[in-house]
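I have a structure here, written as structure tokens, and I will follow up with some questions on it.
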Amino acid sequence: MARAVTNNRKIINTAAAWAVGLLIFFPILWTILTSFKTEATAIADPPVFLAFDWTLENYTAVMERSNYAKFLWNSIIIAGGSTILGIIIAVPAAWSMAFVPSKRTKDILLWMLSTKMLPAVGVLYPIYLICIQLGILDSRVALVIILMLMNLPIIVWMLYTYFKEIPGEILEAARMDGASLKEEILYVLTPMAIPGIASTLLLNFILAWNEAFWTLNLTAANAAPLTAFIASYSSPEGLFFAKLSAASTMAIAPILILGWFSQKQLVSGLTFGAVK
Amino acid sequence: MATQHSRSAARIMMAPAVILLLGWMLVPLIMTLLFSFKKYLPMRGGDLGWVGFENYVRFVSSSAFWPSVSATLIVVGGVLAITIFFGVLLAILLNQPMWGQGVVRILVIAPFFVMPTVSALVWKNMFMDPTNGLFAHLWRFFGADPVSWLSEASLPSIVLIVSWQWLPFATLILLTAIQSLDSEQLEAAEMDGAPPLKRFAYITLPHLSRAITIVLLIQTIFLLAIFAEIFVTTGGAFGTRTLTYLIFQRVLESQNVGLGSAGGVYAIILANIVAIFLMRIVGKNLDA
Amino acid sequence: MSFTKTLYAATAMALVTAGGAFAENLVIATVNNGDMIRMQGLTQDFTDKTGHTVEWVTLEENVLRQRVTTDIAAKGGSFDIMTIGMYEAPIWAANEWLVPLDDLSAEYDADDILPAMKGGLSYEGTMYAAPFYGESSMIMYRTDLMEKAGMEMPEAPTWTFIREAAAAMTDRDNDINGICLRGKAGWGEGGAFITAMSNSFGARWFDEEWNAQFDTQPWKDTLEFYVGMMNESGPTGYATNGFNENLNLFQQGKCGMWIDATVAASFVTNPNDSEVADSVGFALAPDNGLGKRSNWLWAWALAIPAGTQKEAAAKEFIEWSTSKSYIELVAENEGWANVPPGARTSLYENPNYKEVPFAQMTLDSILSADPNNPTVDPVPYVGIQFAAIPEFAGIATEVSQEFSAVYAGQQSIDEALEKAQALTNDAMEAAGYR
């Protein structure tokens, strides 16, 4: 009897969750479906859901027009580079905040977050001029550095919360055994924090991948990532839903696939210290 | 516990991050401050000298200023309210036993992976377009006149688009928090005959309060800066000009860097007011 | 074909050895319009002829503007060639940001460029950007619906006639709107349309002392006429309709008339995209008998930022892409209806092109536009649907946002004009005009 009740509840839960999940996912699904339609079918009234002649013509057209591989590669380098660099800089900082806290630790942490509040567009010209001076305009280096700086506060904060959960006694013990600071961080702390570091990596990779102000305004032919790729498919002439959908699908597919595989990591890892 | 040695080591290790961020904050901040006191028009030869507080006065006295502040607050507040409310519900739902939990979770968090530009383009064209959008088809199917979403309900439309993007983030954090909830406590309350709503109000919600403040803080930081969603959909028309967008118009569309910089300083002030307010709440929770 | 290719290659080789010229790699920023996309597809021809390679940075119009403006103002040097419009060319030239195009080869025949286009892209008599294609605006109408309504479109109609015809053609039950016009916010969208329209009502942006003129009767008349007509016969939600939205509506047979860019003519008469391709007629943009018509003048043009290292190669590209032979190349590959229009006199003398149904009306529209005397009363600025001063884009975008709010029913015409007047004067003061 009790079992039947639980089963019933499970069925209801499942139905509700799937309904909500599909509803939320629907815009993405619709985009993917539209990318396989012809321009005329894409705007058909009533809309066709699955029963249309699937075509790859939009993808062919997009591939013909743009060098997708180059945009993709730039996105990977910029998002990956800024994330890894950020983590390298943030790990020591987060370590000292978590294990050698001072009165000012909290203030520093909050101050770091507040640096994210400067509106980017206000400093476009200054940053642009600096990039020209340094000769790094339209280079991946510039974007790696800028996106790293943009996300550094979040990275430090996330790592700090993960490190704080690690009992200090373990590090103490390692120190007693004569481990140097470097060894302590590299061989004791980091392995214990790997799940946390992985979540941090993922989240910041996503944030950097999707950043669309600097990546668009500081690049031209060399360093332009997928955000710039997308900026050429909002067509001003004629029907463009299908081609836009194909380009959109190509821009989000890599990160969707990455998200698919790392879903568990994200679901258990994004705490920001919210869980004690 | 911490030795003198480890204290100095800690300082050294913190140094790179702190110095970099200090630079990242100070260089643009100083430049923004500097420009804000200048007449700086790139299309007219650039730096045309000091003008005192003229830009500051002009920026606030423009008829666009107060509407932009209220638009900013509506968008940020609206998105926060929606994402937190539905985020809590979704987190509870996703935490229940069910079939295909993993897949459902992916479906729910997927919007977070979509670039703001793409999601704005997709919503604007394929859903909200009054002629060919899916909503228009749906409305016509039920015999209603299609709504021109981005002009007739511009702010709610923007709030909807942005909420769609950020709901997964809120859900993720709240879900993680809910998973750490002691199920025995809930079961005990259930045994004692506490109705579901009461259990939620007295056990689940207090447990989530910390996670909710975190969501509030982080989302606010990102939401104050939203830009692509407005740029792509309305271009600031129909009352959707937020403070960030107004600054964009001053700097890039009007090419008045001085005026835009003064706006930037105001935006920093507004952001800090919001931040101080938020950090009061979160700050308490950080040590708790 | 392969013979010519070999010949080109040989010539290129000869050029490289003889002239000592390097094979350069040009970075070109351009807008994602169909004609430019087509040009990208034909780039190989340029590479074959000159040895230079080309990298395209193709962006949507708003992003492109923002991008190239930042780059040129900060002297970023990201691009060797930029695609700009008639608005930017004289302003940037005045700042000495562009390389003058006064030494193009005799073969290029710069005198063949339509005088109106050359004039709009020049500063103090020197051309600084070469027109890739040019346009004016005109009426495109459905001949079948016009007939059904029992009316006949004159060659040069008045606004009163247009309003009557629009009302007569409107058939709400069958989803046919008598007239589709731009209402979308943005200076290059609805802003451009209403400004060009206001010229025919005797309105102007500024008087000769740079005072905003939105408090004058002609502006009120313009908006009242526009809003009245659109409410009678326009599509729902026209406040967010721009060029592309109206193009799609017209192609799907939902508009009786559409007044917009002459380049749209090739889209609405293309049977592959348009359901109404065989029943489209053309007429000059309407007037009010005050001596000015409501058509604009625009060109997408290629310009070289001053300070580029690759000036010579960039000029070669401009000569290639805006030449007579490029037009022939497109005609060969895509047919005469798809060549970039509105730039060269010789195109309109070409017997093949004369057969294209909209050719003559396009030319007439371009010829009837005068950017130097755009309004009934004198003005201190050049430009028909814009004023060629750096502040205009910002101001006009905000003004057009106020107007769009009127179209969406969110404020009254008087409120919008009052705000437009205030914000324009304020911005002009900030820029030091007043």
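Side notes on the structure shown:
Which chain is which? They are A, B and C, in the order written, and residues in each are numbered from 1.
Please note the rule applied: a residue touches a chain if its C-beta (ideal position, glycine included) is under 8 Å from a C-beta of that chain, and two chains touch if they have at least 3 such contacts.
As the structure is a computational prediction, the values presented were derived from the model and not from experiment.
When chain centres are defined as mean Cα coordinates, C lies farthest from chain B.
Judged by contacting C-beta pairs, the busier of the interfaces A-C and B-C is B-C. Chain B has its Cα centroid 15 Å from the Cα centroid of chain A. Look at where the CA atoms of chain A average out and do the same for chain C: the two points lie 39 Å apart. Rounded to whole angstrom, the centroid-to-centroid distance between chain B and chain C, based on C-alpha atoms, equals 37 Å.
For chain B, the set of residues touching two or more other chains reads 42, 132, 252.
Among the residues of chain A, those in touch with two or more other chains are 43, 124-125, 231, 234, 240.
Counting only residues that touch two or more partner chains, chain C has 66, 70, 73-74, 248. Chain C meets chain A in the complex at residues 27, 29, 31-34, 37, 40-41, 55-61, 63, 66-67, 70-71, 73-79, 242-244, 247-248, 251, 267, 273. The touching residues of chain A, when paired with chain B in their complex, are 6, 9-10, 13-14, 16-18, 20-22, 24-25, 27-28, 30-31, 34, 43, 45-47, 89-90, 92-93, 95-97, 99-100, 102, 106, 108-110, 112-127, 130, 149, 152-154, 156, 168, 172, 181, 206, 209-210, 212-213, 226-227, 230-231, 234, 240-241, 244-245, 248, 251-252, 255-256, 258-260, 263-264, 266-276.
Chain B meets chain C in the complex at residues 39, 41-46, 58, 61-64, 129-132, 145-148, 150-152, 231, 234-239, 241, 249-250, 252-256, 259. Within the complex, the chain C residues that touch chain B are 62, 66, 69-70, 73-74, 91, 95, 185-186, 235-237, 239-240, 245, 248-249, 254, 390-391, 393-395, 397-398, 400-401, 404-405, 407-410, 419, 422-423, 426-427, 430-432.
Remark: chain B residues 1-2, 6-7, 9-11, 13-14, 16-18, 20-21, 24-25, 27-29, 31-32, 35, 42, 90, 93-94, 96-119, 121-123, 125-127, 132, 134, 137, 140-141, 164, 167-169, 172-173, 175-177, 179-180, 210-211, 214, 217-218, 221, 224-225, 227-228, 232, 243-244, 247-248, 251-252, 257, 260-261, 263-264, 267-268, 271-272, 275, 279, 282-283, 286-287 touch chain A in the complex.
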